[in-house]
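We just call them A, B, C, D and E in the order they show up, numbering each chain from 1.
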Amino acid sequence: MFQGNLQLKLGNFALDSGEFAFESSGVTVLFGRSGSGKSTLLRAMSGLDKQSHGELRFNDEVWQSGKKALPVEQRDIGFVFQTAALLPNKNVQGNLDFAIKRIPKHRQHGPSTQEIIERVGISHLLNRPVDNLSGGERQRVAIARALLTRPRLLMMDEPLSALDWRAKSELLLLIESVIADYQIPTLYITHAPIEVERLANRVVFMADGKITSIESLGDATSRIDSPLFTEEGPVSVLHGQLGDIDPDGLIAFQSRQQPGSDSAFTFWLNRTEHSNPHASGAQARLRVLARDVAIALHRPEGISMLNQIPATISQIEAEPPTQRQVVFLALADGQTLLAELSRRSVQRLGLAIGQTVFALVKTAALLDR
Amino acid sequence: MFQGNLQLKLGNFALDSGEFAFESSGVTVLFGRSGSGKSTLLRAMSGLDKQSHGELRFNDEVWQSGKKALPVEQRDIGFVFQTAALLPNKNVQGNLDFAIKRIPKHRQHGPSTQEIIERVGISHLLNRPVDNLSGGERQRVAIARALLTRPRLLMMDEPLSALDWRAKSELLLLIESVIADYQIPTLYITHAPIEVERLANRVVFMADGKITSIESLGDATSRIDSPLFTEEGPVSVLHGQLGDIDPDGLIAFQSRQQPGSDSAFTFWLNRTEHSNPHASGAQARLRVLARDVAIALHRPEGISMLNQIPATISQIEAEPPTQRQVVFLALADGQTLLAELSRRSVQRLGLAIGQTVFALVKTAALLDR
Amino acid sequence: MQILGYPLDVGPILLTLEVATITSIVLLLIGTPIAWWLANMRSRARIFFEALVALPLVLPPTVLGFYLIIALNPDGTLAQFLKYFGITGQLTFNKTGLIIGSVVYSLPFTVQPIMAAFEALPTQIVDAARTMRASFFDRFFTVIVPLARQGFLVGVVLTFAHTVGEFGVVLMVGGNIEGMTRTVSIAIFDHVESLEYTEAHILSILMLIFSMLVLIFVYGLNRRLQIKTG
Amino acid sequence: MQILGYPLDVGPILLTLEVATITSIVLLLIGTPIAWWLANMRSRARIFFEALVALPLVLPPTVLGFYLIIALNPDGTLAQFLKYFGITGQLTFNKTGLIIGSVVYSLPFTVQPIMAAFEALPTQIVDAARTMRASFFDRFFTVIVPLARQGFLVGVVLTFAHTVGEFGVVLMVGGNIEGMTRTVSIAIFDHVESLEYTEAHILSILMLIFSMLVLIFVYGLNRRLQIKTG
Amino acid sequence: QADTITVAVAANFTKAAEQIGEQWSKETGNKVRFSFGPTGGLYAQINNGAPFDAFFSADTKTPERLVKAGKATDFRVYAQGKLALYSTQLPVAKEHNQIIKAAKFNHIAVANSKAAPYGAAGVAVLKNMGMYDKLKSENKIATGESITATFQFVMTGNAQLGFVAFSQLMDPQSPAHNKGEYWLVPQKDYAPINQGAVLIKTSKHAKTAKEFMDYMNSPAAKKIIESYGYAMPQ
């Protein structure tokens, strides 16, 4: 549990979190526009900002009470800064060693040093002075260093923004698996909705130095005015589990069901090259952009889309500025899938609440966890 | 025209561009993995790296010959660094003034200072010391500053990676329009394929310190093994022109045609909120992800997709690791649209080269320029 | 002027402040290029030159002064050499001498801190200035000097304070001529020599207060500049 | 030992190097916390303390020495005060005196450059060390000192070189006792005073060469550290 | 017509010189500017073109050297220093011999014997007593660089006793007036401390400078010189 109420004044900018409390387990994403105070709040929560005051408790520990704060170095946190903040007088190995040397005896768990170095992809850089690294290389070293501190809590400020897509997805997987395997609660700042949807258990929304709301990922993605929905528009995140890979390279994603009964629906997913080896039966998330979902009145024939899922229209909302219509589709297992259509389509098809239709989702448009 | 051949050795890293030559007009994107030498090449081309040697000509001017180089400050370039590199002893206004004061008399053209400041969205920051800016704010100031130098050539090293999506798309539009309106040739580094597809006229691909190829955007996106295709898979970029906005808020995107004749096909686009006011008849690009394109054997009924475009299959290629099939669809005006299907779908529909089919594209899945 | 009933000669005070100010300025003008040259030197010889710059400190001031009056002797080689360029006139036992002596002796105090500051310059920010068309001198004064400000401050403060207290070199090269080259430090020395302790104390305290005020002014100015510019 | 037929007493040379080394070390130990305290001081009083640190420079060394022997005399308040803590023994006319004098006079040379380096520390890097569990002393020695290295270097070089050449203070507080407190600078001065110029030249040149070697060693070491660590 | 001369004077003679200069100015209308400094330093300065018209040294060796080198003329002795053993703590007025022989003190201050004649005189006295080598080997001799430093060592109590110039005790402003006691060493125990003066050859005011040197023999000057504890040359 993370709870408290932090204040900080920096020149004209005032951070005032208000009372907050959220589960510390899993990944908590801080989300908000540039300048909304994400980095400031994260620093205040880490204890790096000496001016901050208020209350902060991490599980049973008091981290801050009034102006009195537990020193950062006793909080067992790993921090990845927005700029990598490598020690300039050391080479890459020296930066990693700095973290490794200071791990207390009782916190040696987690993946081996070697494994982290390899998976972050910096083994060829170990002897490099840090001044000679490219932007992306610096950021990877910073991530490795934070993981190597064996933290009880990981704080990351836009760790992936300097990276190319391949490094991004590799590191997302790494971060995901490390924090899942070793149960490291994580506070994570990102501007990329895709990172939120892949990692987050909950989202702390910020604006103007204040926490505007704290929502579970599900709640955050089930309202069409969610700040998470950006140029890609509304997104549904469906929970389910993975099946086997069939000979065509497709993977079944099945709705969550009472054990024993049949799956209410199945999505066929493409195995993408950068994903984890799938464990059949593993829990997974499916990210579906509303604009990638089409609606058919009848099950269509002679069409390449494999995923034709029966659903009932539960709601239709218009996004005023764009005239786009968001159709809420209730699936058989109770989860909601959003479809974004033009007004013309909604009228032409005569869609109405309560109607049963087929949601068409292109296989290849699905992302796996 | 930009041509030359540059070498530079930095510790173990060797940049060796090889002979290169490309049009300087429009936007040239440097693309490659982290550490491939993009920033190093850009710095060498700017003249900032004193160790570099070789040849470099910008249009009729010799910028480098052997070890002799025209000083950076006489090259009339604007540069946005991967880290913002703001002058720490000045506030935001001071940083902008630094650039403005040094503009030669004869280069006063371009949007007004006020306009740039407003469109970059930093008017509320002018009196701030630069130390107090958030990551995204710093980057915006750097972009404004570079535009304000009234450069003959703009060089930008990942200018948008620290920004949120809204700032990103606003600034993309700004950069796009400034360099188009004032014909500023631009060299641009980015990891984001979407920025490449929106801005690029050509792409310089880099790997291991070398230029591996220089391709027009069209060529770069018409082969399925293009390094541009990342987690989103293959992408088609179609050229055409925009029509009027209809009462449903849809915009027609028409294939390029001889004047007088009918348009060979029309895409209906949603007007998105962040786009420019559209000028009817304006040239535009359409970015279509192959995975967003479905194929139907007959024109389907009762389905929400408005865009049902007749096309002929010209080629079918398999992506070996993923078993996905890329179907090349020749449109009526000769442009190519890619569709990515699962192997199962291709077999079920019995697709073959020469067959006439309908490409289904969801309205909302289209991006406008 | 009288202080506590003792006569106070303001001449030495004014002279001292003048010499310290001129020395600081001259050393800024000479020391800055030397510091720049050293900070940007890539060759191995740099270690040698760095050590060389510190050398004036190693000799006792009077001895350094002794060598200086030999070097600057009106019949010496240097004076003869300068004559070729039409520069005649006495170099020692006048204000010129005081300044030459102070400059030589305080050189390390100016060069070393400025050199250290030049070395710590963030290259990317200087690069950014270049892309904004700032020529060498332009960016030197508008970017490099402000970024290296703390180094300049330390250099100037050490140089100024040290020149005020300088005694051995100044005594030798200046010659302690009443009304001409008698600085405060020498005047205090004279008082001590002639057992005029009260006068010595008064002058010392005055000098301390005065220097304190000058230094507070310098530090305050620095703080101001800092706040004003960021 | 003989050089060019002139007898050379190595005692003063060894003494000088010893005093300069000890003074540099003592000043590092005293000056570093003062520099840290000043660099982190937020109050307005800071300007005052900054100026105060520069003050020992403002008095002529012999005068400073004079005040020091008054302060340190065996019957003086300080000596009486120390006696309460069981610290007895002469503070002047021995090596202790030499070191006390040099430390007081060279304080600004150590404090000022180190303070400037502390001010320029990149806070985010120090923050990063904190998140890696480095306690204050840990990060001070492993991060802050290496980052401020140039400042320490300048401080040590100025202090060392200046102590070697120190004369006025050392003369007063040390008492120029042959074989005990006669440093090279005093020995050279003696030679000049007694018109033994050849001996003075030999000793000066020896001192210059020797100091040059020490400084080249220090700068070379610094370069090495720099290359080794990044 | 009024003239201004510049005169280099050994530091120990500072006070007396200033007073005589004032008197002389009053009488003649001419001005004198002094440059005080250690004898050795003034010598080096004269050798290197210092604009002095006359030089009043603390010894005779240095001015004689200048004469020999052809840089100065008109050598004369203008005053004779007297040596005193001074202490603020010990009863040196009477028990000087016992005190020195017992050598129970920590430090005895003596001026640098090479540079300052008072130093040579002090050393001679100690040698006469047969104590010089012993004190030196016990590191009990604190050497004052000048006679001023020597005096300060004693006056501040850092050295328990020391050989100083009698002039330093006689000076009306001297703190020694109300502090401690002294023993005026008999002249026979040391070679006379003659202080010599010369006229500098390059002087452009030789006539006035010579007049000032001559004025040293005037009764007014004599009175001042004696009042500061110097003897006049016989």
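We take it that a contact is a pair of C-beta atoms (placed from the backbone, for glycine too) under 8 Å apart; a residue touches a chain by one contact, two chains touch by 3 or more.
Since the structure is predicted, the reported quantities are computational estimates derived from the model, not experimental observations.
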Going by the touch criterion stated earlier, list every chain that contacts chain D and also contacts chain E. C
Those chains that touch chain E and also touch chain B are C
Nearest whole angstrom, what separates the Cα centre of chain C from the Cα centre of chain D? 20
How many angstrom lie between the centres of chain A and chain B, each centre taken as the mean Cα position? 27
Between chain A and chain E, what is the separation of their C-alpha centroids in Å? 90
Nearest whole angstrom, what separates the Cα centre of chain C from the Cα centre of chain E? 34
Check: chain D positions touching at least 2 other chains come out as 62, 66, 186, 189, 192
What are the residue numbers in chain E that touch two or more other chains? 41, 44, 152
So which stretches of chain A touch two or more other chains? 83, 129
Taking the top-of-page definition of touch, could you list the pairs of chains it picks out? A-B, A-D, B-C, C-D, C-E, D-E
Hey, which residues of chain D end up touching chain E in the complex? 62, 66, 69-70, 72-76, 90, 92-93, 171-172, 175-180, 182, 186, 189-190, 192-196
Using the touch definition up top, name the residues of chain E that touch chain D in the complex. 38-41, 43-44, 62, 65, 106-107, 109, 112, 114-115, 136, 139, 141-145, 149, 152-153, 156-159
Chain B touches which residues of chain C in the complex? 122, 124-125, 127-135, 138-139, 142-143, 146-147, 149, 229-230
Would you tell me which residues of chain B are touching chain C in their complex? 46, 48, 71-74, 76-79, 81, 83, 85-91, 94, 98-99, 102-104, 129-131, 145-146, 149, 155
Counting only contacts in the complex, chain C reaches chain D at residues 46-48, 50-52, 54-55, 57-64, 66-67, 108-109, 112-113, 115-117, 119-120, 150-151, 153-154, 157-158, 161-162, 164-168, 185-186, 188-189, 192, 200, 204, 207-208, 211-212, 215-216, 219-220, 223
